[in-house]
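Each of the next two complexes has chain A plus one other chain: chain B in the first, chain C in the second.
Presenting the complex of A and B:
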């Protein structure tokens, strides 16, 4: 835009933001007009009327690419996954986190999405634990210890959002390495680094630290917010993690939420072990006991540890008195869909659709929405390879991302295969 | 669906998805005949539609070999508006239900020719999944939509082979904040439905006297979600969340969990019988699919 150029030539710095990595003189709101040009995606049909922009097929195509890239790594659908994870999130609060190319600042956007990630992480991995580490002024601080309750992590993060100084990758890795060495051998050690800076200021040889992490079997992943950095790429390659750089806020959200489901486990990394766990019963409504987490008397509605009979308020948790992990059977059941995933649905090919001999179902099996009979448009329906029922695109996304059951396979007796259950 | 003006969308507009159990194995042994049961349910459905002009009802039948949509109140043409009468849902619903039961029975005959009948449970996981897909469609329909909830009227006992699928549906309902109410008319309590109602925040009730089923339905299950905040509904007592071990199927309160496949054992073993991992040693290779056996324990 001319105004922007004019200001820059004068050498004045307005309160425009530093747009790192872009053309340099456009604000973020200006970029949506100059770069993205949403009006160009409008199309006209034969009579000159505007055709509505079809976001649904775009969204669905993105979803299928993602599913295909995930499933192409697995030769069979049942690949071993690391279900008991000990994850540290390292948040970079150096000077670079105050950049305003993400609105209102990188730090605020990161904090918002880390909160969403924490809740999603505990939803998908109820047996795992999470800790937070920040890097500020070249020193790494441990914000919260490894724990299983999302509220305490979120509260600690939101209270400490100031940034200054340099960023030091080696100090963060050293700190996390020290903590993760203490966890039991059956757990998978993971680190997720959210890196805003473009450099790292280290006291020693970071390559040695990377080798140390590799020997301790820590899987380090990095999500960069500015640009690709060689040392991050090297770290991820050596330890078997994934490195990605976010292009904008929604892409960052997608990248961080990709780390919520358990990654494929590298077999030598964790030793299989039998973990002793307790399944407490809910206490009677009128019982009074002193709860071990708040240290005060409470009436009714808690759980009793089966080993030491202490009262705890919520599950899953570790009993503070005897150290037994306490869970309930639904918590284990939350992880079962990782062990028994459903097959991705196939697109119904246009040859099948246009064949007049085929009697196609007119509505989606799941939601009863009518499926249009397409002419030359790409197919708007998918089919389950096992039960051959047709579904609409929205049901396909919902089934694979949230429900993890195919309604068709569940609704017909002869297509059921026996599965491992507990009750 | 015609869009109603905003002022009609009060807090108590609800979408009720009813999952009716039509399992012939259960109804042949029940003290309440199926026809009387249907008359209770039909009066209940009519009363829901009377509570608010834009309430919506969807009925899904849970059979022994299949599940299907029976009725959707938003789709029926209503010629009755001219006369000032509400459209009668009885005839349409009953006809479709009869067709469904006949088809289900056909499938049963086909099944029993090829395999002997192994289980007498109904396909609750199928109808729950279909109900949740329909509810997602309602969520997508725009900012003004009725508050959905699911009512399971079930009499058959739990089928343990459906445990994982039912738990997946329960967690998905919990995430979408859809309560699952259960009205259990069988003989023993259903552990699956108790867990479903507890986790999703619904109501579980096993009516004492089946002759008065309509009373239970209309006083407890006709309440909409907004009114539940100030009504006293039956509280859940004694939901048992303990697990059963894979080796003896007995309920345990302390056990051992395999860190790879999350199988539960009551005693310490050297090797996991489900995934084949040897405990205490580093694994050499990823367990292949053939090792991961799937079992059906009888409950």
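Presenting the complex of A and C:
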């Protein structure tokens, strides 16, 4: 009896030891579930069936907070945005990129989100161009030149996913600086560095390179994957970029996507000037021509430069022959909304909702679906401050994220005269 | 901002105040009211200095009837300048608010080396030679000779200052050392003597510890200070060691040889004087008959260092007859040096009390205790008489006389230890005779007795109850404050096991174990791969550092570490270490990353900050106990046990943990900063060790972090660094108030105050 007790005690203390250590830091797989606690968000309905709790309001609240913070920056002082961006993405493929603290490895995670970023980038900045640079064995390689086609970038990146050696920030900056220096002055020079390593092995004085970048108005931003590094912070501070460090994969995704909308224009470049652009016509389906970008004969597709009649495959791009910037008009239109964002909609307060004298619209102006009954659930509708139309939450998100036009205001503008006469 | 603490209106130059600063001021004010001494511990980076300064100056302002003088003691010149700069800011703020009434005079006082503006004098390389070359230009007899013979060089700044006479005063204001020099240059007055003169009249005096604690300096710089003074010892965690060092003397062979040279030189001088100016020697003799107390009549540039640790009655006594004549005094000294030489010729370690030692001198050399006691003052007088200006060459004989005086004066709290060789190198004979003081309270007692309030403050004073016992005083307030933080920006960890789960320690029987060495190496290697920029490592001793770095080099760990970061090492050579530090900083700046190997109790551990990216992680390898076989330490421990009832183990642990806390405290210097601390030794997990760490570290030491292995620590480090890299709000969220505005302070209740203290 005694003996058994003793052993038990022993066993327990050992266990305690183990517990003490692992307490507070759960394994990665445990943490995912512990954080979400999806089982706790189940509710029983009247008939005893389980159903997931509606998280929509929560998400919407988060989304609204973001919109508000964005608009508070944007609307207070009508900021000019740099719409024509020339961005180099520098991917660090040094030894540190093989670390497994992101699953399956930092490199794979970075590649995955760079792909998403590239697509999002071209969606938001149709006038801009992007190139890829990797750092490996202390040397920076240019993976793709500046270009407007997401596919070619993604393909080039996926083919080159292996890592080794040291990382050198200076080499990367020097390389990118060389390319970006040739960009015409209306373009915004930007570098986005995805940095896995914790140190940089440089051939010379990196501080000089940073000053050089600063002088040629390159905006350098860094997203670190493990910890804050002084030199990166310094680089971002000097060149006006942003520095952030990812906590985990989803945070990394968030951080990288923050770089998709155009940044505010740098003051020196903000002087308005005219840029010569060509709007090429799509060639006829059956015509055969040698395209200037791949140097292959192609049937159909493609565009013809209005100045030199050269054939290019994709827009936007720069004509290989005459150097004219070629875009299509929808591209231009899509960039427009960054300059004139829609004001965030106001939440309809519960006091207004509960006021019986107010006759509120029953359905959402956007999708025409009936809005939830006011009373038990407050504030599930929003109203545009200009046209005073009410919208449901889904439409709110859709309007701000994708549509960039308020249907209420648009229709109001069309029917402006009749309303005016009514009053 | 301006607010009330009880009946005092406090002027604080910033718009916001940390809650702990407010609490600190409240406690300080109570101590001032009670006219007692106090001990206050508050972490670095929380604005201790400005809290102290603004409370004490405001206290004086609100009580105009009995003005209090502030004597602020710092450890280094750099800190002195920083303090004065803060005071300047505060003063500007106070004058804008209450106008001329707030006018004060604040001066910093440092050695001639830092204050001199005479380019000829400044050319000398070290402090003693600057002092000497100043004396060569300003001593009264030199000036007298120069008056007769205009070709002799004098210091034009000093001459101007003398000419201005009582008009040479500083207008009110705050003067840093640089301001003093600039003012001196502008007016053509000697800044050093001007500052020394103004110290008596200034409202605030900032100078180094030595001016109050070292008996050789204190008596004559700080003699004139009024009783109604507040004395502040900043960064005072090592104050007991400073006190002990001030009263300890060590004599080596070189000292004795030098002393002999000095003696023969003086003998020649005496012969010369006898031939040319016998009257001078006779005048000195007469003065000595009348008593040493009359020394005050000497011109003050000749004034030298006297000994306030001596009881007053001795100073009034006349010098004993047998050393009044110069030749006789030289004979006595010669015999003393001879006797000491004899004692050094021993093969065994000898330990003796002062009483026995004096008796032995008496029988062998025929010098009695009273004669010994007067040696220092007699030498001083003789050197003045002989018009010796190059005092730096006479340092050796001064050391001997210093020794003699101390031995003759104190019967308790000292011991004389003669070691024929260094313990670690028994083959190289290097005899040394040490008079070591064991009682820190001896040197500081006059300070406690004389001044109304003494404030002892530092970032690490834990355990706070031990200091009053060591220094033998009764504080009216002793408190420890924590740091209010907007985020948990320090992450202390106790690492007890390596990656193979075997315990790690620098305990004597384990330190040479290869497994422990390897585990420490792996720890550093893994940490180097996850921590950005700078890492600082502290080892328990130079010999241990040499050993472990050597074995890391042999088994290739060092090479692997170098792939991640560059490695720099502190050596005993100051120049080399400074160079290493410079390059370390450079490597951190340019993003290469670096590791600095350093030693607890070394220069780096005491004075160099590794804030921001210069130190993201500090690893303390082992517990930095003192070398316990050292004879001096053993003697001191014995004395502490017998006199103050402090157990040996308690003192050793206290001392070791104080050093460890000091080392790890280097990484965090402000609230915006962040850093990790790893205590890598299994002994830290024991309660008796851990509980002696300062409160602000303990409060962040979570239970889960008490017993870690390398991989667990690595995981915590990763998470911590990610979390700290996120942007944060400096003012603090809604939950934790860390910056108080004026209204907050006004409505602050005692509730918050009590929270701050523990």
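The rule is short, and it goes like this: the second predicted complex is superposed on the first by the 327 of 423 C-alpha atoms of A that agree within 3 Å, B and C clash if a C-alpha of one lies under 4 Å from a C-alpha of the other, contacts with A are read in each partner's own complex, and residues count from 1 in each chain.
By definition in this document, a contact is a pair of C-beta atoms (placed from the backbone, for glycine too) under 8 Å apart; a residue touches a chain by one contact, two chains touch by 3 or more.
All figures in this text were calculated on a predicted structure; none of them were measured in a lab.
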### Query
Can A:202 be said to touch chain B (first), chain C (second), both, or neither?
second
### Message
For A:47 in the superposed arrangement: first (chain B), second (chain C), both or neither?
### Response
neither
### Message
So in the superposed three-chain picture, is A:250 touching just chain B, just chain C, both, or none of them (first/second/both/neither)?
### Response
neither
#### Entry: Which partner reaches more residues of chain A (counting touched residues only), chain B or chain C
B
### Task
Pick one for A:182: touches chain B only (first), chain C only (second), both, or neither.
neither
### Query
First (chain B), second (chain C), both or neither: which does A:84 touch?
first
### Those residues of chain A which chain B touches in one complex and chain C touches in the other
none
## Note on the structure
Within the complex, chain A is touched by chain C residues 529-533, 564-565, 588-593, 612-613, 616, 702-704, 706-709, 712, 715-716, 718-719, 721-727
### Query
Can you name the residues of chain A that touch chain B in the complex?
76-80, 83-84, 123, 127, 186-187, 265, 267-268, 270-282, 285, 306-307, 324, 328-330, 332-337, 339-340, 364-369, 394-395, 398-399, 402-407, 410-414, 416-423
### Query
In the complex formed with chain A, which residues of chain B make contact?
64-69, 72, 107, 111, 123, 125-127, 129-130, 132-134, 136-137, 140, 158, 160-165, 167-172, 175-176, 191-192, 195, 199, 235, 238-244, 246, 252-265, 268-269, 272, 274, 277-289, 292-297, 299
#### Entry: Sites on chain A touched by chain C in the complex
17, 20-25, 96, 101, 169, 198-202, 205-207, 224, 226-232, 244-247
